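Take a look at these structures.
Two complexes, one shared chain (chain A), two partners (chain B, chain C).
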Partner chain A sequence: MKIRKKARYVDPDLCNACEECVKVCPVVKPDEYQMGLSSRKAIYIPFPQAVPCSYILNMDDCLGNNPIACGKCAEVCDKQAINYDDEDEIITREIGSIIVAIGLDVYDPTEMDEYGYTRFENVITSMEFERLICAGGPTAGHFVRPSDQQRPKRIGFIQCVGSRNPKIGRPYCSNICCMNTIKDTLLLADHYPDMENVVFYQDIRSFGKSFEDMFQRSREAGTRYIRGLPGDVREDPNTRNLTVTVENTTKGKLEHHELDMLVLSVGVVPPKDLAKISGMLTLSKTSDGFFMESHPKLKPVDAPTRGVYFAGFCESPKDIKDSVCQAGAASSRSGALLNAGQIQIEAITSRIDETACKKCGLCAAVCPYGAIVWKKGEAAVVIEAACAGCGACGATCLFGAITMRHFTDDQLMAQVRATLGENPQDKVFCFACNWCSYAGGDMAGISRMKYPTTNRVVRTMCSARVSEEMVLEAFRCGAPIVLVSGCHYADCHYINANRQTVKRVQNLWNKLEKAGVRPERLQLEWISAAEGQKFAKVMYQLEEMRQAVTMEEIEHARQALKPKPKKAAKKKAEAAVAS
Partner chain B sequence: MVANPTNDKIRVGVFVCDCGLNIAGAVDCAAVAEYAETLPDVMCVVRNKYTCADPGQNEIKNAIHQHQLTRVVVASCTPRQHEPTFRQCVREAGLNPYLLEMANLREHCSWVHPGEWDGATAKAKDLVASAVARARLLQPQEELTVPVTKRALVIGGGVAGIEAAIELGDAGHQVVLVEKQPSIGGIMAQLDKTFPTMDCSI
Partner chain C sequence: MAATKETFRCMLCGHEYQESVEKGEDKERSCPKCRSNSIRHLKKKSSTKE
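== the complex of A and B ==
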């Protein structure tokens, strides 16, 4: 594992946090920690309790690491802790197990313009609320509204901003916002008993331990809960007060509420780095965009990649307590692996027959793991410990020199023939990869999504394992439609092995066309493990296609795709005759 | 290829699971079992109510001994759920775990074809035929054991990452915690009070 340790430009061992540098720094920037509600300098400490408790110089903000341009902070630093020439450091560590705890991003409500977040100063998010009510915040905990720095008397909270809203592509519940708002109303009631608080909600989800009690306390403290999400927010340009229009669904009435300030209870979204980490560790996502666990009930902290575990929000929205619980579970799972000190690799790895190998090196070129060593003029060799078992090499080898253990050519061909033995014209033949498409089929099953009974699935570890011969054999056996399906293009469980799938299917399309077989009879689909719905939909589409394939077409494909006699077989036969 | 003492005699046992009514409610399991008997090299077919339960597993073990089975096909649920269970089961009966194959009659058949008795049964038969065809060609395999470096990496220094790192450290493991921001603490550090205890976040 290579880790980039970013340059801090301030040596944390030397820095004694005296603050002299901050006093002389001429740069003023919005303070990220305070949600931009106050400012910081280019050299700063992120927050008073930061760990490490040391200043940091933001080089993007700094006037220049050239002392001629500024250099004021270095001048006043008695400890000489500031080093403008500090550089990022690459640290290499061998790692046995990984816990992914990359958290969340907070939903940005800009797109939900009906609430006026970008137009009205007194509309804030719940994260900004946190900073405004905090003693360590920009107002030292004196709660004021942004437009006039006065203490508001009437505050509204709107729930589910960016949550449970399919219209904006966020259908899931963010889990924490109801309780966070309840907590906020209790804080306000405690600090300012005369303040009027009103919460607009669709459902209050207070199902955790002692949560319902908090909800009741909030109501007893005078907070009004109105069932209905506002459709419109308007501002009075003179008073800067806000009028919220809402259908009170309990009373069945349209209501207008005049408020001094409005807090948008924003949801949470998957962190933007998720895709990057996902690619590095070959992880998958569920439909809400968070990481997918190995099994929703039985392996809730295991990633599909062995030795990788999830903790916290990045797996699904959860509160602090659940994050801590999952972190404990993840460390326990990880610790068990580290304690064992060894791991058994499933015996699904490739082996090369040296005598059959023609030393072409094609297999080494397609291996996503660099697990095949090949030098010009020498037979290729598999490093078993590095082989992950996708089988791309086996499907690529033109000479049958590679045996993909437990998913051999013979085994898969036998499955094709057995499946299509009787009445092949009635069947849609599918190859599905273990990690995504086959699992997508499982998801369709778990979710009881009906689809036509005509499909027949053969499982391979990766779609790249499916060779041209296997697909052609399916057509020779009389399959009207053949599907090759795998993980989404950028989400392949085997890094990028499914690029080989694409190449192979494209070759096959050309071959089919040349042979006078409609290329559409071979389909390629990417179906993720979470996409049960898509799996079912694809099966419906394929069944429709199957019904359009005539018996003549099937018969033509059988004949046109017959294997040509191999040269090697010919030679062998000739040799046999000669002897 | 590992030498296989059973190579010369392929004797397949097929175990058709009702899974209560999960499978038997949508698939004619009796017909599937009957069909399985006609497949090449199938020496015995057993129907179980719950193959994964101890009695079901015991039936597999007994049949392996009684019929000298060298290949086992379990026609039940997805291999993504119970393949480890049945691999362990055949291992305990003295077979190499890689001589097991599963046919997915539940997630890929009965659960998605309710009320389609004939279609689902025909499909289940094909799934079993495919599994038997594959099982006949399975070979015993030996798994490679590789050492695990005794060091963990925790990506992310929020409350979950910090907690995981501390626990692993307390258990005596080396931990590398990486955080992209200048300080650990994550979003929780930006909160004022937290529910349900109403105490400070940091």
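== the complex of A and C ==
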């Protein structure tokens, strides 16, 4: 692993944080840590608790070091700690495990114009509130409103700003905002007992140890909780007070509240570097944009990539306590892996026949784990320790150069032919993935659900293992209906291998249509292990479809999908690779 | 990212509908009518040269 250690331009071993450099620095910039509510210099300590406690020089803000345009900080530094020639350092380390704990970003409420965050000075976010109420903040903990630096008497909090709102693409609950607001109201009630606090909410989610008690304390301290999110905020240009219009859904009437200040309880969003880390470590994301864990119940801290673990917000919104728990679990999992001294790998992995490999690299492109190494002009190589055995590569290889141990092409084809050997017209043929769809069928069985007895299931580890040839072979064997089923997108046990299934089925629909075969005869369904009911329902639907397929259609498919002569097929495959 | 309106057809019930699609989006699709996942993306046919 290569780690970039950014240049500080100040030697932390020499710097004694005397602050002389800050006094002479002529550059003034908004202080990011104080949410821009105060300023910093180009040379500064990022935040009071920073370790090591020494200054750093922000070269983007500095007046220039090449040529040196200012140099005042270096002139006053007795310790000669400032080094304008400092450079980023690349550190190389051999590591056995990685814990991803890259945190979160806060939602930017500028797009929610109805709350007037960009228009009214006295509308602030909960992060800005934190800085204002903090003893180490820009006002030394004296809570004042930005427009006139006077202490406000009436404060409103709006919950779920950037959370639970599908319209802005943030349908998830940010988990921490309710309790953060409750904590803020208690702080205000403690510091300023005469202050009126109003919270506008849609639900208060105070689950967790002692959280409900904290909520009750906030109410007892005088905070009013009004169920309903404001639709409009206006400012009185003379007093700079804000009028909030809200439908109180408990009372069922429209209310207007005049407030001195409004705090937007902003939600959290995945960190902006998440996509970069995701690419480096071949991690996948949930629909919310956070990292997806290996299994939501059984492996909640493991990434789908072996040896990688999650801690904190990057996996899902959670509070400090849960983040600490997850970090502990992640370090334990990591320690167990490293202390074992050896790792066990799945028996089901890919193997590439170098002599048959045409060096096209398609297999490497579809591998969700980055377990196939390919260089142009060289045969692909599988890193067996990284291969999880989804089989996407085997189904993609046009030259039969990849063998999936225990799920070889020959084995699966033999299952297809054997299943449809007798009376194929009476069968609904299904490919089901091991983890979800097959387990969904099991669930239907153990739940004693009724479904037609005409279905025949062939199990693969992942739906991505089902190649076009296997589906076509089922039709050639006389299958009236073929179903390819796998995990839901969020549940794919092989990161995102089932996206290859979608592409393949789309191709097959086009191919079938071109060959004059009704494409509807090929179906695709995502069935989870818990969806026994869906499995049964799909089987009824497919049975109904099967009964509508005529013998002429089956025969036509047999003829139309006959494999082409080998040479022509080979040429076509090579042309596909070239394109 | 710019979204385009694309046409989809449910291969189970035959329902055809339009939905906005963002480039590179990763979304599980299901038929708004019957909830089936057999959703075929009907690509626009490119104009043929005369």
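The rule is simple: the second predicted complex is superposed on the first by the 342 of 579 C-alpha atoms of A that agree within 3 Å, B and C clash if a C-alpha of one lies under 4 Å from a C-alpha of the other, contacts with A are read in each partner's own complex, and residues count from 1 in each chain.
Everything below uses one rule, namely that a contact is a pair of C-beta atoms (placed from the backbone, for glycine too) under 8 Å apart; a residue touches a chain by one contact, two chains touch by 3 or more.
The structure presented is a predicted model; accordingly, all values stated were derived computationally and were not measured.
After the superposition on A, what does A:Ser97 contact: first (chain B), second (chain C), both or neither?
A:Ser97 sits against chain B, while chain C stays out of touch.
State whether A:Gln506 touches chain B only (first), chain C only (second), both chains, or neither.
It touches chain C, and chain B stays clear.
By residue count, which of the two partners contacts chain A more extensively, chain B or chain C?
Looking at chain B versus chain C, the one contacting more residues of chain A is B.
Of the partners chain B and chain C, which touch A:Arg405 in the superposed model: first, second, both, neither?
first
Between chain B (first) and chain C (second), which, if any, makes contact with A:Ser287: first, second, both or neither?
second
Just checking: does A:Tyr438 make contact with chain B only, chain C only, both, or neither of them? Give me first, second, both or neither.
Only chain B; A:Tyr438 stays clear of chain C.
Considering only touches as defined above, state whether A:Gln523 meets chain B (first), chain C (second), both or neither.
The second partner, chain C, only.
Touch check for A:Asn165: first (chain B), second (chain C), both, or neither?
A:Asn165 sits against neither chain B nor chain C.
For A:Ala311, decide between first (touching chain B), second (touching chain C), both and neither.
In the superposition, A:Ala311 contacts chain B only.
List the residues on chain A that touch chain C in their complex, please.
Touch residues, chain A against chain C: 285, 287, 488-490, 496, 499, 506, 509, 519-520, 522-526, 541, 545.
Could you list, by residue number, the parts of chain A that touch chain B in their complex?
Counting only chain A, the residues touching chain B are 1, 3, 6, 8, 33, 35, 46-47, 49-52, 56, 93-104, 106, 127, 130-131, 133-135, 137, 179-180, 182-183, 186-187, 208-211, 213-214, 273, 277, 295, 307, 311-314, 319-320, 323-324, 326-328, 330-332, 334-335, 337-338, 340-347, 349, 351, 384-385, 403, 405-406, 408, 410-412, 414-415, 417-419, 421, 427, 434, 438-439, 441-442, 444-446, 448-459, 536.
So in the complex, the part of chain B that touches chain A is made up of which residues?
1, 78-81, 98, 104, 106-108, 111-114, 116, 119-120, 122-123, 126-127, 129-134, 136-139, 141-165, 167-168, 171, 173, 176, 178, 180-196, 198, 202
Which stretch or stretches of chain C touch chain A in the complex?
For chain C paired with chain A, touching residues are 11-12, 14, 26-28, 36-41.
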